[in-house]
């Protein structure tokens, strides 16, 4: 059998572990693997390379990013290219395609599958928002990096009696903020799912200070939004529809707290370090298990599915279940965190 | 409400995160917490201290070990002490007890519960062998530490053309070996659940060498055992029943491989570093969620249960489910790893 | 003997290791230690606490920040308070004072020493710019944190064919940028000591791209400045004297590169994570050696000096040598880095 | 110019950083580099490969071990091969040789230099025992790994009221034990330079216990030796000259302490993890600076020298200074540590 793979969308720790796992498992069954470069773009343009089961591939297990490169292709261009894609796969003698990506990529994969191409999808996102799976790889690494940063900020905030705002990734869901905030012992966590009231945040900080603690750590997802009317926004902070633009939310909140409390406030944006570098052991295991199971599904001809982790087991779920809607932080999870704000 | 907690059995990263989580959640509901020292022993001897929701407790989130100390008490002594335990709890005005521990501790907790004491158990073990929960806290940290060590051993093994044996924890189950071996890119993994054939191991190594790779990494759980008759054992290596004594299995395997292959073999025992130190973000979140949920169960009077992680959610399961049998590595999981040995 | 200590200026990993080292060494010689809170301010206001040689002090070895708090006091206020300071030290029965701080703090310490107070200074700065010592503690930790971040940014930059700008600490000197850039394999490093020509930076990046590498990492000290006339500045970017304001230099450079090259450029500001958290082993050893030697100098009555590391040995140098001028990156060191830009 | 390099002796974090630095610096000056495999052996057998200034070489900066492999060659064989070595270098058109290694390697390098081969040596050893340089690369990484392990052992020792013995590398000198012990807050440190009295060690532990601390951490260099007559040795523990065999010293000390104190004692041997894996930022910078300076020395024809770090500067020292004698821990440094044992 001849299997193809590609990585698409934002990069994510564990992508290379999946690539290695596919090559290894295929080799173990006498099959070979090719990789298309830069996501769907490379598939469309037939830019591919043979991936050998050698020392190079063995070592990428630990490497962040993706050796195949990644990219974003407009869905219209993608769909217009169906015949080209089919031709490229046929030319290259590909029997099965394993695209690795987030929600957008999986939607594309589903569309190819619906159009007759033998596809098995592997979900990927540091945001942990793919539905139908307990975790996606990359998320644990992002949380670990953010938690390490929060641990460091605690000691500096405490030494200077500061409130420190830490902005982490998460435009649409608050999983990274929730987990890193809980692991890092944050005194408040703001997520997109629960619009915040700045007065409530300040009340928590005031209470800490009354109890003698002169510092605080607030973890903010980049997509956190204030409750309508609770913060006065300047004209350039809202778009034409009156929606708040999601940028620099951490700095914005810092400004609002400084207005309300007599305390030194600083904000830090963790940014791209959350998505790069060596994956955690957890993510390497998950990525590798996805790879082995996706490859075995190809080998036994079980197409049109997506790998998922459920209660410790890898299962194959339908594309519809995976891409139907974003997995948001449920209110009950947020309330668990609230019990700890102190 | 007045809640008591204690930690019992081997120490484990995340114990302090549970203690902090209980104190915080209780305080959030106007309840107080006392801790008994050194496990069941302290409960029996009424050695306890008040745990305050202060800066000290807040900070133990990151600290390995347990501020309450731990210990092992013989089940007979424990059972003989029932009336004393009841008296101590009554004297201290305790309304609920949250013991944190592994299989043995949970069995003790069940027995107290069966005897009328209001108990909620929190499972703990770096071995990940408690039934009914997807993961136990401490396991992820142990795997992370072992994986980091394996990563380091790769480069030294490779530079010197050596086979390196890494003995990790796991007397009865192979979870740490399986996960650290997969995450660390091991070329073979030996676990208690699957007796090994030393010839098969050597065959894998020989094949690697034929392919030009001159080194290898083999991860061995301390409880790994050879298939009967495959290794000649000296008299002092077996007990009176003919069972192989589980000690220095890594060094033992190194000796056998050196006999069979013309290669330099070294063995390393990771030992206690796997169970100490700062917990990973994953374990801090899991431990904290257990704590919040166990405390809330106490507050609403739901006793006789154990916290468990299931598909991302915290559920309360019965003691019987948790302590019925050890959760072993299923054959299918081991086969996934085998696909990667190369 | 009764020794006092305090920490002043920005916080820095290793401050607590010094405090612990002083308390331990003093106890070993039958002496006691008090700590003044929040730097010079606490000395002026006689806010002090006894520091006991107990388990709490033993454990702060690993903790970032400073348990004594820190602060900045205006030199005029400080000098006006001389008699108050003398009175406070006399009241508390202090025989020797060990202030721990950067250039400003050491100048204050010298002034106290010149005015008859028995002082031994301990230099501290993550910037490594104190003269007369090979390294200051805190610097190694800052470099380690920045290098870890750069390592992570490499893989994401590479996967997306991006130029990534990393802004690190260093308003006046480029030591952190130089070391983190060398350790992180940066493709260019910009430091305050060597005004940069944006065209030269772009030329390097263009050359990389011609050689087939589609990404680049540029490490920028926050105080890096362009050569006069090489970048057109807006009015709000310069102050009344025509000097470029040192803020957001990373983002500024990103904008300029995007103008000149057809490439995606992102910038990240590492910020406060560089100065918080657990110190590296190197910094713990250096901080501890400073502490032991400063305390022993007090015990033998050798005052008016500053601890310094020289070629592996701790020596006592004069205040004048330590505070005379900032230690800048010498041109030869920068040229060593340039050989590696590729 | 055509430069050759090789790595010889035990592997060490930073070797690849040196190799990369040589290739980069040479390329920057229009020169090329070849690498001989497996140390002197490869030089003798003319096993070499061209090292290109490409993405592969750029990335090895972070990789532990050595891509060239390493080995040990008997000095007699080495010396007998002089003419062969000269012929191989001439055939390959080599103008300069940069061997990277410890004391033995540098002695070999000196001998080649004395015999007319243009050589610049780069010192390497995790043991930090090369004379004439403040630090050797690899040492900081070894100390960091050992310190991390000691940090982890603290919490488990404390939870179980145990004395934990940690055996670290160092057969002839105690640098790793001294630094890791100081950084890890050990309660005693045993090094080869200062024969230990087991009674003194036990006295320290007893004193801790009287003060209420029920655990202890003792760091032991593998080459630590008891004062003659203080420990009764079995026949198989001494060699024919009555010298104590240096093996399992940690376990041996554990046994002696258990005999003398009523306490649970465990020992851990850190082993090979101390010499593998990603180098610290400190070691990457030092290795890279050695590489740039060694290459530049070759380019300007300054042969017969060894790179050294002195008070922050890289200098070229004579072979005689570097290999004259091992750099031991001076008594004064050990006394600094003793002040902290508590």
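Here the chain labels run A, B, C and D in written order, and each chain numbers its own residues starting at 1.
Convention: a residue touches a chain if its C-beta (ideal position, glycine included) is under 8 Å from a C-beta of that chain, and two chains touch if they have at least 3 such contacts.
Bear in mind the structure is a predicted one, so any value in this text is a computation, not a measurement.
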Problem - Any chain in contact with subunit B as well as subunit D - result: none
Completion exercise
If chain centres are mean C-alpha positions, then the most distant from subunit C is chain B
Completion exercise
Per the C-alpha means, the centres of subunit B and subunit C lie apart by a whole-Å value of 41
Exercise for the section: Report, in whole Å, the distance between the mean C-alpha point of subunit C and the mean C-alpha point of subunit D. Expected result: 29
Practice task
Enumerate the residues of subunit B that touch no fewer than two other chains.
Solution key: 151
Problem - Complex contact set, residues of subunit A against subunit C - result: 7, 11, 13, 15, 63-66, 69-70, 145, 148-149, 151-161, 164, 266, 268-269, 271-273, 275-278
Completion exercise
In the complex, the residues of subunit B that touch subunit A are 21, 24-25, 27-28, 53, 55, 58-59, 61-62, 134-135, 140, 143-144, 146-147, 151, 179-180, 182-185, 212-213, 280-282, 284-285, 288-289, 292-293, 296, 310-312, 314, 336, 339-340, 342
